[in-house]
Amino acid sequence: MGAMSEGALAKQDPVLAVDDLQKSFGGLAATDHATFGVERGTITGLIGPNGAGKSTLFNLISGFYEPDGGTVEVNGTDVTGMEPYEVAEHGLIRTFQTPRKLEGMTVREAMLVGPREQPGESFHRLFTSPGTVAESESANLAEAERILAEFEIDHLATQPATDISGGQMKLVELARAMLAEPEVLLLDEPVAGVNPTLAKKLKSQIRRLNEQGTTFLLIEHDMEFVMDLADPIVVLDQGHVLTEGTPEGVRNDDRVIDAYLGGGA
Amino acid sequence: LSTTDDDGDGSDGSDGSDGSDGDDGGDGMDGDDGSDGGDSTEAFQIGMVDSQTGSLSAFGERNQRGVDLALSRVNEVGIDGRELDIVVEDSESENQGGIAAAQKLVNQDGVPFLIGAVGSGVSLAIYESVVEGTDVVQLSQNSTGLNLTEFPGLLRMSPSGRSQSLALSNIIADDGYDEVAVTYVNNDYGQSLTDAFVDAYDGEVVYNTPHDQDQQSYSGVISEMNGSGADAWLFVTYQAEFATMVNEVFSSGYDAQFYGADSVSGDNVLENTPEGSIDGMNIVVPSAPVEEENYQSFASDFEAEYDRQPTSWAAYAYDCVINAALAIQAADEFAGAALQDTVRRVSGPEGETVTSFAAASEILADGGGPDDVDYQGVSGPIDFNEDGDPVGFLQVLEVQDHEYEGIDFVEG
Amino acid sequence: MSHDTTRPAGATDGADPVLSLSGVDSGYGEVQVLDDCSVRLDPGEIVCLVGPNGAGKSTVLKTAFGMLTPWTGTVSYHGRDIGGMAPEEIVREGIGYVPQTDNVFGSLTIDENLRMGGVARDSGLEAVIETLYDRFPIIEEKRSAKAKTLSGGQRQVLAFARALVMEPDVLLIDEPSAGLAPNTADDVFEDVEEVNDMETAILMVEQNVTKGLGISDRGYVLDQGTVRFEGTPEELLNDEEVSQLYLGG
Amino acid sequence: MSALTDPRGAVEELTRPEGWVLGVSVAFLLFLFVALLTGALGPTYFLFLVGLAGMYALLSFGLNSQWGFAGLINFSVAAFFGVGAYGAALFTASGSPLAELFEGVPLIPSLLGLPVVGLVVGLAVAFVLAILIGIPTLRLRADYLAIASLGLAEVVRLIVLNERWLTNGSAGVRGIPGFFAGWPVLGTFPEAMPGLRLEVIPGSPVLLETAFWRASLNVLLVLAFAGGVYFVLRRAHRSPWGRVLRTIRSDEDLARALGKDTYSFKMQSFVLGSLVMALAGVFYTHLNLYVGPGDLDPITTFYAWVAVILGGSGSNRGALFGGIVIVTIREGTRFLNDVALPIDPAPLRLLLIGVVIIAVMRYRPQGVLPPQRELIWPSAVDGGGAPESPDSGVRERKGGGGDE
Amino acid sequence: MTVIGYLANGLVFSSIIVLGSIGLSLVYSIADFANFAHGDTMTIGAYTALVTFGVVGGLGGAVLGLPYGFFLALVVGIAAAAVVAVVTERVIYEPLDVDSIGLLITSIGIAFVYRALIQIRFGSDFTRFDIQPLRPIESLVPYGVRVTLHDVAIVASAAVLVVGLHVLLQYTDLGRKMRAMADNPDLARVSGIRTRRVKLWTWVIGAGLAGAGGVFLGLFNQLSPRMGFNLLLVIFAAVILGGIGSVYGAMAGGFLIGMINQLTPFFSDVVEALPIWPGWLASLLESLVSIEYANAIAFVIMVAVLLVRPNGIAGEGAT
């Protein structure tokens, strides 16, 4: 564990630092003294076998689970034990592996939940400053339309958000999180079930956002996708960090091949 | 009186009878209905708010029997050749329902005479929100709550519970108990009767707790009563609740001298409690002297019709209808103001004592005025006092061999 | 890539298909999704449906399995029309289905999930379940855990196993590899082939086109509810247009 | 109705259920109008019914802003209604125990008897109660919230029933003035108005007298209440605030992940709804001039729910419609009861109410008025360069495969 | 009365609540709505048994102070409740296209209809089975336990039914199918579960137990058209307390709520006996922990339990 924490501390400017995080369910240690950091401005990949504890880690970081031990720092603030919305206030947003459905809303409305700190979310400002509300709503709406178009789902804008295909749901989930414009975005398998042609485009989207300053931590099993996009890559196995390195390094690491990649890649 | 009008049609029903109605505001309506009286053979329509559903629906049912019997007595003879018709609306045993029912009767059907309601709270709610300020006559069939006395405009057929409370406190004291445990149903009726009892009783009330209606078990209450150490237990509640309690007392093997207010008595209690379980209990009920001939005939008619003994509630409702019919016949027009005037007088102490509608109606038809008849009800002499309360007689019943036996009379 | 098809095209054109949709229009409520869609599955074949998100791939499977009733056209199984038959009866006919989402009973244990997969079996349930555990050790160790505690990938495996309990004649699988680690995905594809070897014809939807088509005998490209291309995996993978538009090539 | 509340919505923009409801409403209004003119329907009684409908509409507005907006299953409607009613009643009634309680306290006794003070107090008490009930229950999952709130409502009812020193116990509170008592002009308006006699159909005159004018004032009051509430809710519903609530309703975790403080939002929605329910209670007090513990019975809760569900959860217009339906169910069945049937009349109305509820659930076109339209801040859609809002509802999309 | 005495009373009352709450919980999870007609289903069972008992009478011998005829009536009552529920499901719920709150509202309508029909047929007054009530069992009285043989019969019959249900759920696939259906109805069909049949069985079991509960309630207390409805709130509390959808949770919840309801006098004794300080708090507590507030106390305890276990006794942790 010591060696690992050094790895984390070695980061120049970690926007997210996970230190010795633990979580177990019953007898199972889903997160087992995990320690790593995410450098500002990177796209960090998080890979590992099914059940390695990746999603659990996301849940711990974003405040959905209470860790049994260890700390999480976002932007230098200790957010361990905070409510998800508080973590989000510190600039960290996550998506879910299984897309969430929003009943009774159109896709466009479901997108508009994304932006943070909308003036119209304060009840009294609806009446005291309707102008500001309208302004930000227009801006958000335009932004939503733009992202939907980029994701090739603008034709769904006024469809009920529940009546879309599985892959489309993943896209909406991703698009919405992007609308929140967080500093750190945690993506849980953003392209699972997404058509490869579209996945390619998403890749460039993510890269572009990254160039504009968003830091990404992404879980993905699509090796082509992560290896192209992410650097460094953290490999998780049985709840702890197996290794961390460049795509090249990881790809050739025997332990990784063994536990994860298999002969196929 | 801004109007005259006619309209007629009254009819029963669905479309609200005599149009106009409206206004209850008072006088207007009466005018119109008056003419009604003049020209047609339409039935006179009055209204009744009853507990057809809800927690007091059992009372509603008993009332309905009395009303039906009374209507047939009235309509055998007729009122100036016309029939009497009663529109019954359901209060659901609640204020909201009661007020809505009364609103419909008064402002839609335009009835000048309103019988209602069962629960004391509901009667008052109707009075305050619909009747007060108009000249509609309101006559409650079953409310015995004490505070109705404060509203002289609101008449009632059942005597105030105060006299019962007084009588009970005397009886219990006379029986030599200086400690008593009381439980009462948690509503206006139970509370006001119990308050009056506690005021009047000289001994110590060692247990005094309300209970909610419609509970599935009162074993908590009775075990607390047992624990209080009092040997005299007083119940101010309704039949269903009382029957439950008796059964629980029986199957718990407790033993005490029971006393009860009027509403705990009835065939239903006898039928649904074990033989002997309440023997020796004393109950004070308002009553016409049972040996009187009019009650006898009422009771036998009732038994012939429904195959059961009448309750005092059926008797009150019966008297409400007869009293209303007589008031209508005696009034020169079918209007609230006129009925206000006659409703007390036809049963008031002046005049010839009669015990049936037919007899009273005959006097009126022969040109007699309202003061020429003194209708003696099957529930008592009626004789409303200035507060709108009847002068009831009270009868003390004792349960002997699982039957009610009258053992004493008390003047109200 | 390691699974380049070596098998001869599974069926001759003359053979009767086990399952076929012909000229099917179908959709949700009043929303039409499939438009004159025809798909055929011959005995012993693996057929892969690919296409953009929202093309209607899952809808094809749902229509074939009776979750949706075809508006027009027919769905036939061994030559019999089964369009509109209820899913619980279709299962008994010998078709199995693995949905894309919501495909496990979260509040039941793994063991119970498998048992539920076999409610329509008369006998041999225990034995099948044991073989399935042998085949998928990843779920065996969690036998008595609630399915909702499984990771995404574990869940996918369970869903697949659940459908196999019936030992169906035809298996419809919606994106078997979504969310699976590369090695697990390989395992699943191997299992698909293995199941196929046991005379089960398989119709599957897959976004991992290289691997999916890699084990298939034929493929369809679906777009906007109609079949745009049909052919052997090689034909599809090598077609410039198909590859560009649909396969991320 | 929808044309009144949504002036922009031209008739052709209506969806099928909307058109249906509009048609029935217009027919119903016509029917009422004719009935009034011919004297078949008493005008005073009619106004009473309008007042009741307004009261139920308020209740369903309140419930709608909890259940329809945020998915909070609140089964304590009656408690908030009752608290509003009692708050107003205790502060204004002549026979209120408060007069004794506050004897000697500065200021307060002089405020007793003022309906406006009663209004404020009713709302304030409801506010406090909402927070008290909300703190423990809003952390619970929907179904659990339902029963916890039902239980707490029962606790409130028992307190009102048993704490006589404060509430008069089972005797209830009487001697309540009308809401406008003591106001200039309006205070004496009913008595000052002359009796009018309209004779549209010869022989069936319509009389308008004091009680009629008093009832008109009540209607005025409830229209003011409901109108104000409708304005506030409509704006809130289409705002980002409302959108967060709807997100919570559908998937609270998602809202949390996106950085929304869901507990606070739920509390806001709960308090807002509770205040509206209390407002209904305040109106009720001045409509019926008497309140008792029976007014806190859970049946009021059920009717509010029926109204909201019939109207379509989440739809403010629907809630309004639901209020009217409830009055029709509750009071309209009185008329059906007049039709002589060979059955014991007593439970017949209960039967009818049951059958009507079942029938409406069975044959209603999609929740009568569900919130079909997209809810985006209106001027944002118009001015933001975004495409026009769709002209078919979310649940009503028709047509073929392509969605363009 | 002693603590044991209160506990014994609680046990009897709990038995009835448990029967009601199991059925409600089953329907809650399978048909996916809170069935407000459940209480009135109990009433149906009770009145059918009443009629049957009136016809068959005593039938010779007796056990536990109850004639054989009563047990026949019990069976008929159970059957009638089940049949009515199944018919209602087929005729009303099944064709309905509404969400679970919509079903809830519908069930309120159905409750009104059931109750109205009973009231039309039997009137609104209360009545009892024509069975002679018993005195408490002598040998137990010295321990402060005052129960009759009838009470014993109620507890024993309820126990038999509950154990029978347990066996049914545990040793047949039905229970598992029910849970699968409650979890994911679409997937259940995909797996080959004939969901319609499972649903009907759920109604049969749920309503049957409710019918039994109604009959016992009638025996325990009395019959009136409102009897079941009046108990509904308490039954709901039990179901929620136990954890929605869990049969065993419903048993536990029903047991607890029944106990709490009957133990109020004991609680108030305890509060009086405790040295609470300061004095105003003591008197406040004394006035609140009293029999008027018996139901309130049950609800407050329920809310308190929910705060500690937000998904009920048998429910799992969050997420």
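The first chain written gets the first letter, and so on, giving A, B, C, D and E; residue counts start at 1 in each chain.
By definition in this document, contacts are C-beta pairs under 8 Å (C-beta built on N, C-alpha and C of every residue); 3 or more make two chains touch, one makes a residue touch a chain.
All of these numbers come straight from a predicted model, not from anything done at the bench.
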item: Labels of chains that are neighbours to chain A and to chain B; value: D
item: Fewest hops from chain A to chain C - one hop per pair of touching chains; value: 1
item: Selected interface, B-E versus A-D, where C-beta contact pairs are more numerous; value: A-D
item: From chain A, the most remote chain by mean C-alpha position; value: B
item: Euclidean distance of C-alpha centroids - chain B vs chain D, Å; value: 35
item: Whole-Å gap separating chain C and chain E, where each centre is the average of the chain's CA atoms; value: 46
item: Computed distance of Cα centres, chain D from chain C, in Å; value: 52
item: Multi-partner residues of chain A (at least 2 other chains); value: 64, 156
item: Contacts with two or more other chains, residues of chain C listed in rising order; value: 31
item: For chain D, residues that touch 2 or more chains besides their own; value: 161-162, 253, 346-347, 350, 397
item: Parts of chain E lying in touch with chain D, wherever the complex brings them together; value: 34, 36, 92, 95-96, 98, 101-102, 104-106, 108-113, 115-117, 119-120, 123-124, 225, 233, 236-237, 239-240, 244, 292-293, 295-296, 298-300, 302-303, 306-307, 310-312, 319
item: Residues of chain B touching chain E in the complex; value: 53, 55, 57-58, 60-61, 186, 209-212, 214-217, 219-221, 223-224, 226-227, 239-240, 243-244, 247, 250-253, 268, 271-274, 277
item: Of all residues in chain A, those that touch chain C in their complex; value: 25, 47-52, 54-55, 97-99, 153, 156, 163-168, 171, 189, 192-200, 221-223, 259-265
item: Partner chain D, residues of chain A touching it in the complex; value: 62-64, 83-85, 88-89, 93-96, 100-106, 108-110, 112-114, 116, 118-123, 126-127, 130, 133-134, 137-142, 145, 155-160, 176-177, 180
item: Chain A-facing residues of chain C, complex; value: 1-2, 28, 31, 50-55, 57-58, 100-101, 138, 149-154, 156-157, 174-175, 178-187, 207-209, 211, 244-249
